[in-house]
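These are the structures in question, set out in turn.
Heads up, the next two complexes both have chain A, just with different partners, chain B and then chain C.
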Partner chain A sequence: MADLATRTLPLSGFHGGSGAAALSVASPATRISLRAKPDAVAALSGVLGLSLPTKAKTSASSNGRYALWLGPDEWLVIDENEADLMAAVASGNVLHSATDISHRNTAIIVKGRGAAVAINGGCPQDLSLAAFPVGACSRTVLAKAEIVLLRTAEDTFRVECWRSFSPYVSTLLAEAAEDAGN
Partner chain B sequence: MLLIYCPYCEEERSELEFRQAGDAHIARPTNMTEMTDEDFEAFFFLRDNVKGLTFERWRHLNGCGRFFNAARDTVSDKFLTTYKAGLPRPDLSTLRPATEATVETYEATESNAK
Partner chain C sequence: MSGANRIPGAGRLTPAKTARFFFDGKSFAALEGDTVASVLLANGVHLVGRSFKYHRPRGIVSAGAEEPNALIGVERDAARKQPNVRATVQDVFDGMKVISQNRWPSLAFDVGAVNNLLAPFFAAGFYYKTFMWPKQAWKHVYEPQIRAAAGLGVSPTEDDTDHYSSRYAHCDVLVIGAGVAGLSAALAAAKTGARVIICDEQPEVGGALHYDKSVTIDGQDGYAWAQATAANLAKMDNVTVLPRTTAFGYYAQNFVGLNERVTEHLAKPDKKLPRERLWQVRAKRVIIATGAIERHMVFANNDRPGIMLASAARTFLNHFGVAVGKKVGVYTANDSAYEAAFDLKRAGITIAAIVDSREQPGEAVLAEARSLGIDVLAGHAVVDTGGKLRVSSMSVARNGGGGARKIAIDALLMSAGWTPSVHMFSQSRGKVAYDAETQRFLPGTYAQDCLSVGACNGTNDLQATIEESLAAGELMSNASGFTASQKLALQGANAFAWTGGMAGAAEGAGPDTTVKAFIDFQNDVCAKDIRLAVREGMHSIEHIKRFTTNGMATDQGKLSNIHGLAIAAETLGREIPKVGLTTFRAPYTPVTFGTLINHSRGELFDPTRKTPMHALEEAQGAVFEDVGQWKRAWYYPRAGEDMHQAVNRECKTVRDVAGIFDASTLGKIEVVGPDAAEFLNLIYTNSWDTLKPGRCRYGIMLREDGFVYDDGVVGRMAEDRFHVTTTTGGAARVMNHMEDYLQTEFPHLNVWLTSATEQWAVIAVQGPKAREIIEPLVEGIDLSNEAFPHMSVREGKVCGVPTRLFRMSFTGETGFEVNVPADFGPAVWAAISERTEALGGCAYGTEAMHILRAEKGYIIVGQDTDGTVTPDDASLGWAVGKKKADFVGIRGLRRPDLVADGRKQLVGLLTKDPAVVLEEGAQIVANPNQPLPMTMIGHVTSAYWSENCGRSIALALVAGGKAKIGQTLYVPMPDKTIAVEVSDMVFFDKEGGRING
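Right, the complex of A and B next:
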C-alpha cells in the first residue's frame, strides 16, 4: 500500500524570542505572486474579493486574505484559509501573470512591544507607527535575506521569507528579540 | 549608510536594498545589423567612467524591483536626484550647486591647520 506523502513544514515546532518580542510560526497559507497592468487591477480585485492596493507600502485584507503592494505592477496575495488563489485569479479572465509560491515562502509572526526593535536588528527601515502604520507592507532586507514585512497590528509583524532562508531568518530574529528586552 | 530615494516607492530607503546597473541614457541603435564592429563596440562596451557627475541606472532590487535613473557624484557618492526610468535627464542647475563644490579636498579643509 502506498504511503501518503506527509507535509513537512519549514520551521516546524519553532518558537523563541523574548518577553518583548515573541516569535511563532504562521500557519500554512496559500500565496501567489501576482503581476498585472493597471487595466486588469479592477477585475482581479473583484475575483479576489479585496481591492488590490495601488499605493506604495500599502496592503488590503479581507477574511484572512491579504494583498500586499510589492511594486507598481506586483502584489503578494496570501490566503490563510488555504483557498485556491490560482483558480480565483484565473476566473477573472484578464491578462495577468500569477505564480503559486505557497511552498516557497514561510512566515514568522513577531509579536510584542519590542517587535519593531527585534526586526530592526537586521532591517534598516523606519518601523515607527508614523512611517510604517498598521497595514503597511514592504519587501525589504533582514540582514542578508530578502523578506516581506507586513504590520498586522501595532505590536505585531508578519515576516515572510523564503523557506530555504527560514533557519537563518528565525535564528537572527531570535537573537534580535533577546536584545529587544525581556 | 546611504539613503536613496526610490521614485516608485516615493521614500528614502537604505542602500542595502539597491543595486547599481550601469550607465543610464544609452540609446540602443536601430540599425544594429548594418553597424561597423567599431561602432558596435562603442555602443556595447565603451563607457566614459567619469569622475564627478554621472547618470546611472539603479535598481530597487530588494524593494519594488523597479529600475530607475539617478544623477550621482562619483567622488562624494552623493545622489543629486533620482527619477523614473524613461524620463529625460533632469536639469541639474536648478537642483544643487556645481558638483565641484561638493568635493572635499585636503587643501580646502585642512591646509591651514596649525
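Right, the complex of A and C next:
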C-alpha cells in the first residue's frame, strides 16, 4: 500500500502586501458550485444550514460556511471547516447540480485600510461600503483574471480565483497593495 | 540668484530651495517649483526649439498645457528619456537633463532652417502634390526621406526601469479642473457628503489664479484661498484631490481616464512610487471646469522667440517671479492683455506700447493704462516683427494702412481673446453651439451626465463663475442622493471685467497678403495656407484641416483651431458655424505609453498558468512550451540529449515500456442533471443515452455550419453526471459554446455545466506496463482488462486519495488517466513517476504525445482541422449518429458543398525517402512540372520523425484524398520537390491490438 498522498497548496506560504493592504493565503476549504432552480432553494438552504441568497451581489454565512450568489441559479458554497458539502446538498433530495471545486479555486485574503484600493488596482467595481457592503460578493475580473470577490469585513476581502491564475492574481494584488499604501 | 530676470519679491517660489539642471549641456540654477520654461526665461533664454516644417527658431509661447513650441526631451538616465515634453509643464528637478529637439547640429544654428528659405515650395498640400511620380520613387526616395524628417524627439531605446500603476475609482462627482470654478464646485459637492474626485493638470490648484493676482475670494488672496480650499478638501474622507493629474479622455457613461504624474517632478523618486498612475474613473456626474485658453494674434512673423501669450507672461511674473523681457510690447484685441502690461509695469519693466487692434479698448483698462503711463495705440496693428533668434522689434501701423513705425522690444505679448476649453465636453459627445456675439463655441447639447462651469462654459464674470459652480456642485450631488445642509456662498472680486477678442488674421495678414502669419506654430500653418486650401477646393473644415495639417500637431490646435476656422469662414464667405468645428478627441494632452500599459508588463502582461505538477516536472528537467496561457512540459532531455534525441527516446519508451504524461491542462466540464445525456446528444454528433455509467466515448462537436469544433473523451460517472474533456485550447470556448446553446436553444433541459478543468490534476500513464505501474497505488478498482476495459471510468482511490480513473489512450497503448483533486497532483505524480522509472519507463512531454498520437492517426482539432473540416473529411464519420434526429450542426452537414465529391480529406503521407520529414503547412500538388502558379490540392497538417516506425510520417488535407491512397503526390519546397505517397492515417499497430492490452 502506497503512502497517503499529501496536499500541495497553490501559493503555499505566500504572504505580502503593504501596511495598507496585507495579503495572505486563505486556509484550505471545501467548495462546491451549486446550481438549482428557485423551488429547490428552501430545501438546499435547510441542508446547508444557511439561507441561500437570491439577490445579486449578496452572500450568506454561518459558522465558517459561505454561500455566494453568482447567478440566478448559481452559488459558490465555501466551507472553511472542510465539511463534505457534496454530501450535504445530496441529502436535500431536490433537483440540483453540485460539483466539487475545492481544489479548482484558491483564495487570497486582502486585509487593511487600503484593501479596496488594492483590489481596485485591477477590479473595476465600486468597492465603497455603500456599493459593496460587508457580505457583498461578485464574480468579476482582476485585470486579466476572473475572480470571485467577497467582502468579509469592512477592511477585508476574500479573492477567489482558479488555482493556475493565483500567481498572476497574487502578483497583481501585491503591486496594487504596495501602491495602495502610497 | 536663479536668473537675471527674476524680480525680487515677485512670484510664489521660495528662493532658498534650489535645483540645478542642464539644457543642451548648459547648467542652470532653478528654484523648487520652477518649470523648465520659467528657468529658461529667468535666464533670458527664449529660443527653445525649431519648428517642424520650416525649422524656424521658436520660443516659449504659453505657460501651460497648450504649449505648441517648447517641446523638449527630458532625461534622467539612459533608460529614462522622454521626448516631446512641454517645457511649460515640466517641473525642474535636481540633475535633470533637458535637450532641445528638431535641430541639427545646434539650436542656434540649424541646417534644416534652409526649409524656411524654400518655404514657397512647401505650400499646404505639398506632400500630396509633389510626391506623385514616379511611382517607384515613393518606396525608395520619398518615403524614407519624409520618414527621416518626420516626427519630433527621440524615443529611448532601453527598457523603462520605472514602474507604473493603474487604479479604478468611482465617485459621485468628478470635477475636472481646480481653478476657481472647479474648487467652488468641489467644495459644494463635498459638503453634501458626496464622494468627490477633483483633478488638475498643474502641480498646484488655482488655474487662472496662477496669473491673476487681483482676485480675492471672501477677502482672501485668490491663490491662497485656492490652496487652503484644496487642503481642506483633501482632509475630507469623501474627497480625493489629485494635482498633476490630467483628465485626458472622456468616454461612454462618464468613464474618464486620468493620468497622474507621480514622480516626474522628483529628483530622487522613492522606488516604491509609480512614475505615473492611470486612473479609470466611473463618475455618476462630472463637472467640467477646464477654463479657457488664450489665443495668439495672427500677424506677420508672429512666431519669433520672445513673442508669447499675455497670460503666460503674467504667470511667469506673478507665479514664478520672472520678467519675460525688459522692454515689452503688447499686441491685443482684448482687455486681458492690458493686465499683463500693468503687472509688468508695476514690477519695473518698461512697456514699449500696447497696440490694440480695436478702435475702442475697454474703458477701465484704458484708464488704468493711462494712469500707469503706458502708451496705448488703439486702432493699430503689429504688421511685422524683427529679430533673428529673439524678437527685437515690432512694426506698428494704423489700421487701414499708412507707414509702419518700428518699435524696439525684447518681448511681445499678445492676446486675441479666450477660447473656452470644451475638449472634455466635446469628447463626452456633447454638441457645441456657436455664440455669434462672443465668437465662441460653447457647450450646447449635453450627451452625458455632466455640466460645464466657469470659463469653459463661457462664463466670464468671477462672481457668476463662483455662483454657477457652487450651484453645479450641489445639483450634481443631489443627483446621487446627497443634499446640502446649508447653502454655500463665496464672494469673489477682481480688478477688471474683460471685453473684446477676435478670431482669424489680424490687420496686415489679410486675404491679399502672403506674409507668414502663423496660426499653428507646431505644424507651421499660416493664414495663407488656409486660404490656399479653400482656393484648391477644400470647403469643409475637416478637409482643410487635413490638407494644411492645421491643429494636427501634438497640441491638437489648442491655439490654432478657432483662427483656422475663422480664416476658412472668411475665405468661403460663410458663417463660422456653417464651416463647422473639428471633433475633439482623446487624449487632451499627450499621454505616455507607460501610463496606459506599463502597469501590465512582465509577469503581469498575461497570466502564466502552470499545472499542479509544474515544479516536479521542472525538477525532472522538463523543457516547457507555451500552449495558450499554459506552460506544458514539452520534452524531458537527459544529459547530452538534444530535443530530437529526447523525443525519440520518450516515444520509444512509451511503446516499449510506459510513460507518464501531465494532461492536466485538458479542459474538463462537469455536465450534471437528469437531462445531461439529452443535452450531450444535442451538443455532440454521437449518441450518449446508450452510454452506460462507468463507460467513456470519444465525442465530436460541430458548429452550426457542420464543421468540427472540438473533440474529447466523455465519461459517464452516473446516470445524471458526465465528465467531459475538451482540448486544452478549447476549454473556455467549448464551455461558452455549450452554455450558449443551453441558455438559448435548450433552456427546457434540466442540466448544468461547471468548469472542472482545474479541479483535477491528470496524470496519463501509457504503455505496455501502464497497469503494472499503477496497480500497487490503486485501491478499490479492479484494473483487469475484463473488469476495466478500454474506454471505461471508475472511482476509487490512488495513493489513498479519491480518483476518477479513466482507461483511455491517446497513444494507442494500454492507457490510464489518473484524475486526482489538484492539490494531490504532485504527490501522486511523484509516486507514479517513481514506479514508472523503476520499471524502465519515463516521463514524456507534449512533443512525444503529438508524435505518438500521429502514429495512430488520432487528430488534433485545430492542427489537423482548420474550421473547414467535417467529421467525414477527418475520417470520423463513424462518430456521427446516423439515426439522430438533431444535434448542433446536423443541418450544416447536409449542405451541398459539404457532401460534394472532391472535398479536402485527411489522409496520411509517406515520403518516398523515409528520412525526409515534411514541413507542416507545406502545400501539395499533383504535378510538380506544371507551370506557375501551380494548382495546390492540399497541405501538410502534421509531420514528424517517428522513431517507432523508423521513418517520417505525416497527415495532410488533400482534395479527394481518400480516393488517392496509393498515389504519388508532390510537395514543392524552395530547394527541392518531395515526392510522397498517400496512405491511410494509421502508421503504427494498424490492427489496434495494443490498446486493449
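Heads up, the rule we're going with is that the second predicted complex is superposed on the first by the 180 of 182 C-alpha atoms of A that agree within 3 Å, B and C clash if a C-alpha of one lies under 4 Å from a C-alpha of the other, contacts with A are read in each partner's own complex, and residues count from 1 in each chain.
Everything below uses one rule, namely that contacts are C-beta pairs under 8 Å (C-beta built on N, C-alpha and C of every residue); 3 or more make two chains touch, one makes a residue touch a chain.
The shown structure was predicted, so the numbers you read here are calculated from the model rather than taken from an experiment.
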item	value
A:A87 touches, of chain B and chain C: first, second, both or neither?	neither
First (chain B), second (chain C), both or neither touched by A:A5	second
Contacts of A:I101 with chain B and chain C, given as first, second, both or neither	second
A:P167 touches, of chain B and chain C: first, second, both or neither?	second
Superposed model, chain A: greater residue contact from chain B or chain C	C
First (chain B), second (chain C), both or neither touched by A:P124	both
Chain B and chain C footprints on chain A, overlapping residues	124-125
Chain C-touching residues of chain A, taken from the complex the two chains share	1-10, 28, 33, 35, 73, 95, 97-105, 117, 120-126, 128, 131, 143-145, 162-165, 167-168, 171-172, 175-176, 178-179, 181-182
Interfacial residue positions of chain B with respect to chain A in the complex	1, 8-11, 13-14, 16-17, 62-66
Residues of chain C that touch chain A when the two form their complex	163, 165-170, 195, 262, 272-274, 277, 280, 282, 599-600, 603-604, 606-612, 629-630, 670, 672-674, 750-752, 754-760, 776-777, 779, 798-801, 820-828, 831
Chain A residues within the chain B interface of the complex	56-57, 70-72, 74, 124-125, 138-141, 146
